[in-house]
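Which chain is which? They are A, B, C and D, in the order written, and residues in each are numbered from 1.
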Amino acid sequence: MTGPIKVLVWNEGWHEQGDAIVQAIYPDGIHGAIAAGLRGLLGDEVEVRTATLDDPEHGLSEEALASTDVVLWWGHMKHDDVADEVVERVKRHVLGGMGLLVLHSGHYSKIFKTLMGTTCGLSWRNEGEREIVWTVDQTHAIAEGVEQPFVIDAQEMYGEQFDVPPPDELVFVSWFAGGEVFRSGMTFRRGRGKVFYFSPGDQEYPVYFHPQVRRVLANAVRWAVPVAGERVAREAPNQPRTWA
Amino acid sequence: MTGPIKVLVWNEGWHEQGDAIVQAIYPDGIHGAIAAGLRGLLGDEVEVRTATLDDPEHGLSEEALASTDVVLWWGHMKHDDVADEVVERVKRHVLGGMGLLVLHSGHYSKIFKTLMGTTCGLSWRNEGEREIVWTVDQTHAIAEGVEQPFVIDAQEMYGEQFDVPPPDELVFVSWFAGGEVFRSGMTFRRGRGKVFYFSPGDQEYPVYFHPQVRRVLANAVRWAVPVAGERVAREAPNQPRTWA
Amino acid sequence: MTGPIKVLVWNEGWHEQGDAIVQAIYPDGIHGAIAAGLRGLLGDEVEVRTATLDDPEHGLSEEALASTDVVLWWGHMKHDDVADEVVERVKRHVLGGMGLLVLHSGHYSKIFKTLMGTTCGLSWRNEGEREIVWTVDQTHAIAEGVEQPFVIDAQEMYGEQFDVPPPDELVFVSWFAGGEVFRSGMTFRRGRGKVFYFSPGDQEYPVYFHPQVRRVLANAVRWAVPVAGERVAREAPNQPRTWA
Amino acid sequence: MTGPIKVLVWNEGWHEQGDAIVQAIYPDGIHGAIAAGLRGLLGDEVEVRTATLDDPEHGLSEEALASTDVVLWWGHMKHDDVADEVVERVKRHVLGGMGLLVLHSGHYSKIFKTLMGTTCGLSWRNEGEREIVWTVDQTHAIAEGVEQPFVIDAQEMYGEQFDVPPPDELVFVSWFAGGEVFRSGMTFRRGRGKVFYFSPGDQEYPVYFHPQVRRVLANAVRWAVPVAGERVAREAPNQPRTWA
């Protein structure tokens, strides 16, 4: 790739509009905090934009996606308000090669569910519990330089059974004080695109300021960059006899 | 499991209505040939029914699915005529545990595409080429007793890139005379259900009478039987602190 | 398969000879407790024998292995005393199809290390902590009928990073009170054989009497049965042109 | 990583000593041809050295390995002449993070067999057949920019069943004129190291001059670079209670 990685941080941006707790933690929005983390760690290597649900076409127009290498997706209460045609468009771009990082409550987003083919359900509890994140794949680029383990003092619990397909790679597993475990970092290849799901992060806790979380997201942006070649989803070509 | 495995062989049944070639090869329909193969090899171990697109609710009512352990799916020209609500119903049952064997041109069925999350495109050519099917996982129950390799004298070619997620298990790889290869037998776990895709089989060739193909399908039916337990798709339970 | 599954429970049997705590917990030896569990749950479906390090050829002669479908392996202090030629023999049988269940401290056995190709190291602490075992693959035969989760009141802690290859299937993940997680149930296909590693179980705790642990081991025995066919490890045949 | 990738191309170098055919095809040795290919495509990004069996310690001393990021391994007739202690040393470095690319007949090398844990057997035939190499994972860095498919006019046939563990990633599948298929490009994570097996390449055919083969090897070198961090294989630490 030549030039910086073009990153788009997408956030539904709803909690930020009316919830004083969230506003206090994330004065620039969750997307603002994530974008700042990426800019801080990756510098000139990236060109980071943000977009939210309220933007025209949710900020996910054909033009916007065509000039994006990696999308980070944060959503929670407004999954249903994302237009189906926009979801189809994002999906087409992912299958064509665009990287996608799905964050926390994004597990129930339309885009994640349609790429996974499962319910994407999990069990959860919001009591500000300690989460400890363990690397289980020490060769993985997404875990490079990440402390083993790292601790998030207070978090929403996400627990198994997490109903996704078996991942291609399991990178992180989380422990919660209340007794649950969770496969908190997983990769999934879909079409020509790479998808990473990462669960740490919630609107009520300052998780996106955590230096280890920021390191993971920066690593994941690099990992999700498309391989070279046409950015088109697969079709079904009739193939004349050519090779033998 | 107690009692026989309840199997439903589903076929769109369109080619059989007007195509003399297909009628000559499959006088009892593709579904009839598949059902006969299963009954012949599995005997009392199975209870096999068939259904087609023209049946009320395509033969896939809530009642029909609730009393089915494994569905085999054959479709080709009429994928779009399968009602979306029926597809959602089948998907719910698969995620709840029902086994699903997707056959040949079923790669483009709505049910397979929604479970995979990808285009499911491939390259193809219909010139009656030799296909040679190799087992690459000699430990797999679906390959038990299958000849290594087995030859199908004349077949439609299906070739890579096959746009599906990386499979959980790769069981068979096919060779075609024209120079292509294809991952012809693959498993995918989705929710509580097991999915097997198997490409050999076409309306214009008597592939479903081939003894090795019949052996594969019989093995796959046994493999896809749901594990014990509730047949419900996953939800997102709030989990009070219970375990620690 | 016809006839019962032939199971051999192997235990180094060293702790039982001089450690009063272990003798009190396992009056019939660890192997005796495991064998009783299998007989209780599987009845006529299995024929269970036991063997220990002190037996001639450690009870793992060519004849013994040739008439065994599945071996369970428990060792701890005496890994180095297992003769290399016996390890090679067991490996040959596993690659030829014999199932192998490696238990707890067996992670450092010669047979497991040679099949994995890695150090098989992990972190550990023996303070009698609570372990909670979660199923993460609800389709897996080894998890069938197992409570979600199940609790072991006091256990040795085994924690990540567990240095094994990425497993073919991740079935269980454990939580420990001290903050660690562990991939406690994993499958690995090697040659024609199926290998399952299961960590719960220690000489100082009555884990092999736990009904859920017994259920897991019984399920795993069924799962590990060889597929039909010759029980020989792979060679490198020169292949005359035959197929096309 | 700062500075160039330190690459060591290892070749047993036996065919080059007495076989006129090989000498004519590979006047600088197989290692020379591979090294030239890497230098040509990667330029300043790499620093490439070569070593052969006849070098002191086979050119694989502790010092040599400590200053190597990625080893390429070619061997055929002299696998048994590689000293066991050198194999153990290379293994320790791979488990500590050093990348390893195993080429063609290296499938039977001691280092590959000890990392895989299986026989690594396959079927073969040397009749100069056409091989067609298909990419089946279009997201993989090793396939970036590689033609789909690419043709090798004359090659030794390697065919399934290839007795290795199921790979972490299947990148390439090959077709041979005689009817066989082969999983010709596969990745395996072992410890902190990344291993890639790539089958195209033989002493009797000029395969290592093929531009697509050279592209694959250059991509694989980049892919196999260790992640940052200590280059040590895993031990078994007793872990005092620290995290919760």
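In this text, contacts are C-beta pairs under 8 Å (C-beta built on N, C-alpha and C of every residue); 3 or more make two chains touch, one makes a residue touch a chain.
What you see is a predicted model, and the numbers here were worked out from it, not measured in a lab.
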Message = Considering only chains that satisfy the touch condition with chain A, which of them also satisfy it with chain D?
response = B, C
Task = Give the label of the chain whose average Cα location is farthest from that of chain C.
result = A
Note = Comparing which residue numbers chain B and chain C contribute to their contact, where sharing over half means same and under half means different, the two sides are same
Ask   = Any idea how many Å lie between the Cα centroids of chain B and chain D?
value = 37
Query = In angstrom, rounded to a whole number, how far apart do the mean CA points of chain A and chain B lie?
reply = 32
Remark   = Two or more other chains are touched by the chain C residues 132, 137-138, 149, 159, 161, 166, 168-169, 175, 177, 179-180, 189, 191, 243-244
Task = Determine the shape of the graph in which chains are vertices and touching pairs are edges (line, ring, star, complete, other).
result = complete
Chain A partner contacts - residues on chain B that touch it in the complex = 95, 108, 114-119, 121-125, 127, 157, 159, 161, 163, 165-166, 168, 177-180, 188-191, 233-244
Interfacial residue positions of chain D with respect to chain B in the complex = 132, 134-138, 148-149, 159-162, 166, 169-170, 173-176, 179-181, 183
Ask   = Okay, in this complex, where on chain B does chain C touch?
value = 97, 130, 132, 137-141, 143-145, 149, 151, 168-169, 175, 177, 189, 191-194, 227-229, 243-244
